[in-house]
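So that you can tell them apart, the chains are marked A, B, C and D in the order they are listed, and the count of residues begins at 1 in each.
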Amino acid sequence: MHQMLSKILFNIEVSPTYYKMGIDCPEIASRAAPGQFIMVRVSNQLDPLLRRPFVIHRIQRANTGSYSQVEILYKIVGKGTEIMSEMKEYDDIDLLGPVGNGYKIDNNIRTAVLVGGGIGAAPLLSLAERIISQCSKLKSLILLLGGKGRADVLCVEEFERLGVEVRVATEDGSLEHRGLVVDLLLDYLESGDYSPGSSTHCFACGPDTMLKEVSKIIAEKGISCQISLESRMACAVGACLGCVVRTKAGGDVYKKVCKDGPVFDSNEIFWDESTTIG
Amino acid sequence: MHQMLSKILFNIEVSPTYYKMGIDCPEIASRAAPGQFIMVRVSNQLDPLLRRPFVIHRIQRANTGSYSQVEILYKIVGKGTEIMSEMKEYDDIDLLGPVGNGYKIDNNIRTAVLVGGGIGAAPLLSLAERIISQCSKLKSLILLLGGKGRADVLCVEEFERLGVEVRVATEDGSLEHRGLVVDLLLDYLESGDYSPGSSTHCFACGPDTMLKEVSKIIAEKGISCQISLESRMACAVGACLGCVVRTKAGGDVYKKVCKDGPVFDSNEIFWDESTTIG
Amino acid sequence: MDLSVNIGGIQLKNPVMTASGTFGYGEEYAPYVGLDKLGAIVVKGISLKPRPGNPPPRIVETTGGMLNSIGLENIGVDRFIGEKLPYLIDSGATIIVNIFGSSIEEYGDVANKLDDTHGISGLEINISCPNVKEGGIIFGSDPHMAFEVVNFVRQSTKLPLIIKLSPNVTDIAEIARSVQDAGADALSLINTIKGMAIDIETKTPKLANITGGLSGPAIKPIALRMVWEVARVTKIPVIGIGGIMNAYDALEFIIAGASAIQVGTANFVNPKATVDILSGIEKYLSDHRIGDIKSLIGTLSRE
Amino acid sequence: MDLSVNIGGIQLKNPVMTASGTFGYGEEYAPYVGLDKLGAIVVKGISLKPRPGNPPPRIVETTGGMLNSIGLENIGVDRFIGEKLPYLIDSGATIIVNIFGSSIEEYGDVANKLDDTHGISGLEINISCPNVKEGGIIFGSDPHMAFEVVNFVRQSTKLPLIIKLSPNVTDIAEIARSVQDAGADALSLINTIKGMAIDIETKTPKLANITGGLSGPAIKPIALRMVWEVARVTKIPVIGIGGIMNAYDALEFIIAGASAIQVGTANFVNPKATVDILSGIEKYLSDHRIGDIKSLIGTLSRE
């Protein structure tokens, strides 16, 4: 884990209210794994006070080591992300990272199903890249992507360029299937296009409601599923105990999203109306 | 008085840590008088919270009315001015103004002595312009300018371009006279180069210690003197009673720098160690 | 859409008021705000005799807030009535006069003078002042003293009485109940929180008075908690004050139980803060299809 | 330059400590800070038995601050001694253990267990906890209860005792004197201020626990005022806590009368905050030709 001032390489709007930022940061790029995140200090002043967490969207490593960058994908939802969207190339940005535990990728995966809702697509790109490079037995890599409207369906081309099969659902029907991404998951599981058992893995990131549904559906099929959680964070190093999530070990046994996660086995989590940020 | 979002036309470093900002703001430019000030909101966030006061350095009015600007001259002394120094051309800036009472300029002035210490030069440029255009009997317009070092002696060329005679003192002797600007004032008064009585006026702006000295020296000569005070401000409209200064009417009779000033007759002020911002 | 609220007998066209001491006598902000558009204008605290206030420096900025030690400078009740009230009445504003005294009798005297004055809708009693007679103990920090002062003022005027509570106490709900029992028509809270700042170069306090009152968004979470604590245990209307910068902040207080809110420090940052907050509240109500603001008061769930 | 200070018998190499609950058990921040470089590490509050803490959400940001309702989650004194203390001892840090209980006896039991444990320099007693036996009244809000708990803990251990005071009181100096009389070796203040935040869309509190403790730069002026109030009327050393973000803030507390300071929320913003503050203090001392930090303590003039 490091704290540093890094240079912004680019910061572009990829879809209305969604931005992609590239940061020149070999310290993080050289260490980061898919699913880990960084903490961004959005201002030198004391409002906003706390750092904001963003999962690593993409890791670019240079062979020479002279240049390597991380990318984050983010949505403007409040003042912190608003300030970030105004940052410019060459500006300095204060980062902490890489933080947390990323996805555990089994070398023997044959079928990987990635499920993303809205900004939940963010970690799945680096995950897809890693699966492709790491899992020699991989047969099928499929991404189910959902959003409210077409503007919320992110990075389809990037995934397709990797050879990922992408299926899309939008709540307003503005792109492909009208409905939820869980509909796509149900269809997929129905179709039986996957080798059941331990060689199929599911990875999901998105709103709590989606993750809860996905976890339930997947559990019924006996497929292992890793989910990426969000929570309000202060320290991100496991010190403040602010970011906890309920686990099935009991209603009051908590895990820290920052340190024990943010990626969890979906079986671990105890879902209720107030899970993490609700 | 107005509150508005205006466009920054330029924001340049004129000397180390000193900046000049031009703002496209016909509402203020068309109304402002030398000695009045504006209140700048330096951030959309809540730290820093309060607006910062800056005296109007220069007013540029276009004949057509299609374009007119105000300029401020400022020194980086804390976080607010630091943030301002990073603002760019075309950025929006949130202003309130023009605020306060400016200099009262008697049409019959023959000799005007302007005394500025450091950033205290700021209001004197628009004042000099106004005196020149308004006082048809003007014979002599002299500016005594002081600073710690040469970097703190501002706008000499601008004043000279107006035909003002400029004499400079620096504490470290890096430019002209080594010493204080009050030395220059004493010399000037000694020399008798002025018509005594009501046709000579002195105008001063600078640190409290300088203003106190200038007030004393001038009072002894029976010359009228207007001084421009600073004070910590919150509202700048006379509502909060935060910015007061002691007056001679009694140790506890206060005047509001924002509304009764910032320009005062030097005879009004009761000087002690805690006058205004000390 | 019905924005009107009734604060202990004072009918307000909407719940947005100005906080005493931050809006002068109203006229200072008239270039920015239509005074008659607001729920009420609460003027700077008035005492029996004019008061010079504390020596400067009187204010200092802090993170997300400011300290002030104005020391209740004011022109006194007679000059207020003669010089400031006529303008306010002409403006069409609903007028609430904030008053204070350094003895129980002085509170009563000011209240009594204003009782006979036309154009005033109610009084706000600032009990965060030291009781000079009792050795400087703050009226508002002791339930019995708070009872006494309110009880006395209650007998000095027929005007609706809003009691303004101090946050510098262990149990604000206890004080609130006490002044309710003494005959208060409404409560307003919070006043500023006592704080301090030091200049490390000169090693002197940044305020000549050493300590001052903290206001602004920094104190909002504390104010909101106190409003919630008080509103749940009292029957009279509560006015929420403390760090309200925008409509979202105002709505938090209303949901916590405030029937109206006051805007203080925000006026300094944005002179149009009050009207912006008002239109933000209207937008929220219409977005959420709430026809009457009164149905939003105290709707916090999961208590 | 002499940076050392003595806090009621605990010799610190410098006055910069970590605030309980914001620095975990030390190891979490070891990648950023040499633990042995700081005055002391104060660990997360420990109770007799492990405690799960409150349900999430547990934190929410506010202007210049944050609310937390962690609910004193901790692994209990036995696991602390077994699992966390060895690492801390190895690191070379000066270790202060923050403890709490829900009854006077429980405070005593934890103190007693730690009394026999090697490697601990002192205890910090958090009296901002509700006394479950007495119906939930906070120990730290009543001078008599505060006296009782400190008096009892005093008899349960020979370790130096720092009593951590709650700011949610009318008169913190009164509580301070009371715990001094009960045998406290030092005082630390302030703990968090009770606050609240509301989600106006869901109309629910933003914290599952409804209220939480406010920390961060927003509370600094209040903390500084309380440290000043307490330091003037007590004889034992005072540790300043509350919103310290940088060396300037720390120096304000020292000038106000604090013999040492604790850094809390700042660690989250800048994990190197403690060491940055330490070097900032060193620079100030050398710039001002102050050879011994002790000569700066309580030097506020114009009192």
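Here, a contact is a pair of C-beta atoms (placed from the backbone, for glycine too) under 8 Å apart; a residue touches a chain by one contact, two chains touch by 3 or more.
Computed from a predicted model, the values in this text were never measured in an experiment.
K.L.:
Steps needed, at minimum, to get from chain B to chain C via touching chains?
P.N.:
Shortest path length, in steps: 1.
K.L.:
Farthest chain from chain D, comparing Cα centres?
P.N.:
Here the answer is chain B, farthest from chain D.
K.L.:
Which chain pair is joined by more contacting C-beta pairs, A-D or A-C?
P.N.:
When the contacts at A-C and A-D are counted, A-D has more.
K.L.:
Which integer distance in Å separates the CA centroid of chain A from that of chain B?
P.N.:
55
K.L.:
Any idea how many Å lie between the Cα centroids of chain C and chain D?
P.N.:
Centre-to-centre distance between chain C and chain D: 34 Å.
K.L.:
Report, in whole Å, the distance between the mean C-alpha point of chain A and the mean C-alpha point of chain C.
P.N.:
47
K.L.:
Could you tell me the distance, in whole angstrom, between the mean C-alpha positions of chain A and chain D?
P.N.:
Chain centroid spacing, chain A to chain D, equals 36 Å.
K.L.:
Residues of chain A that touch two or more other chains: which are they?
P.N.:
46-48
K.L.:
For chain C, jot down the residues that touch at least 2 other chains.
P.N.:
Those would be 63-65, 202, 216-217, 245.
K.L.:
Quick one: do these chains touch in a line, a ring, a star, all-to-all (complete), or other?
P.N.:
complete
K.L.:
What part of chain B is in contact with chain D in the complex they form?
P.N.:
46-47
K.L.:
Contact residues on chain D for chain A in the complex?
P.N.:
On the chain D side, the touching residues are 21-24, 28-29, 31-32, 44, 52-53, 55-61, 63-66, 68, 70, 73, 202, 208, 216-217, 245, 265, 267-272.
K.L.:
Report the residues of chain A in contact with chain B in the complex, numbered from low to high.
P.N.:
43, 45-48, 79, 83
K.L.:
For the complex, give me every residue of chain D touching chain C.
P.N.:
Going through chain D, the ones touching chain C are 62-65, 67, 141, 168-170, 193-198, 200, 202-205, 210-211, 214, 216-222, 224-225, 228, 243, 245, 248, 251-252, 255-256, 284, 299-303.
K.L.:
Provide the residue numbers of chain B that touch chain C in the complex, in ascending order.
P.N.:
The touching residues are 1-3, 41, 46-51, 96, 231-246, 252-254, 259, 274-278.
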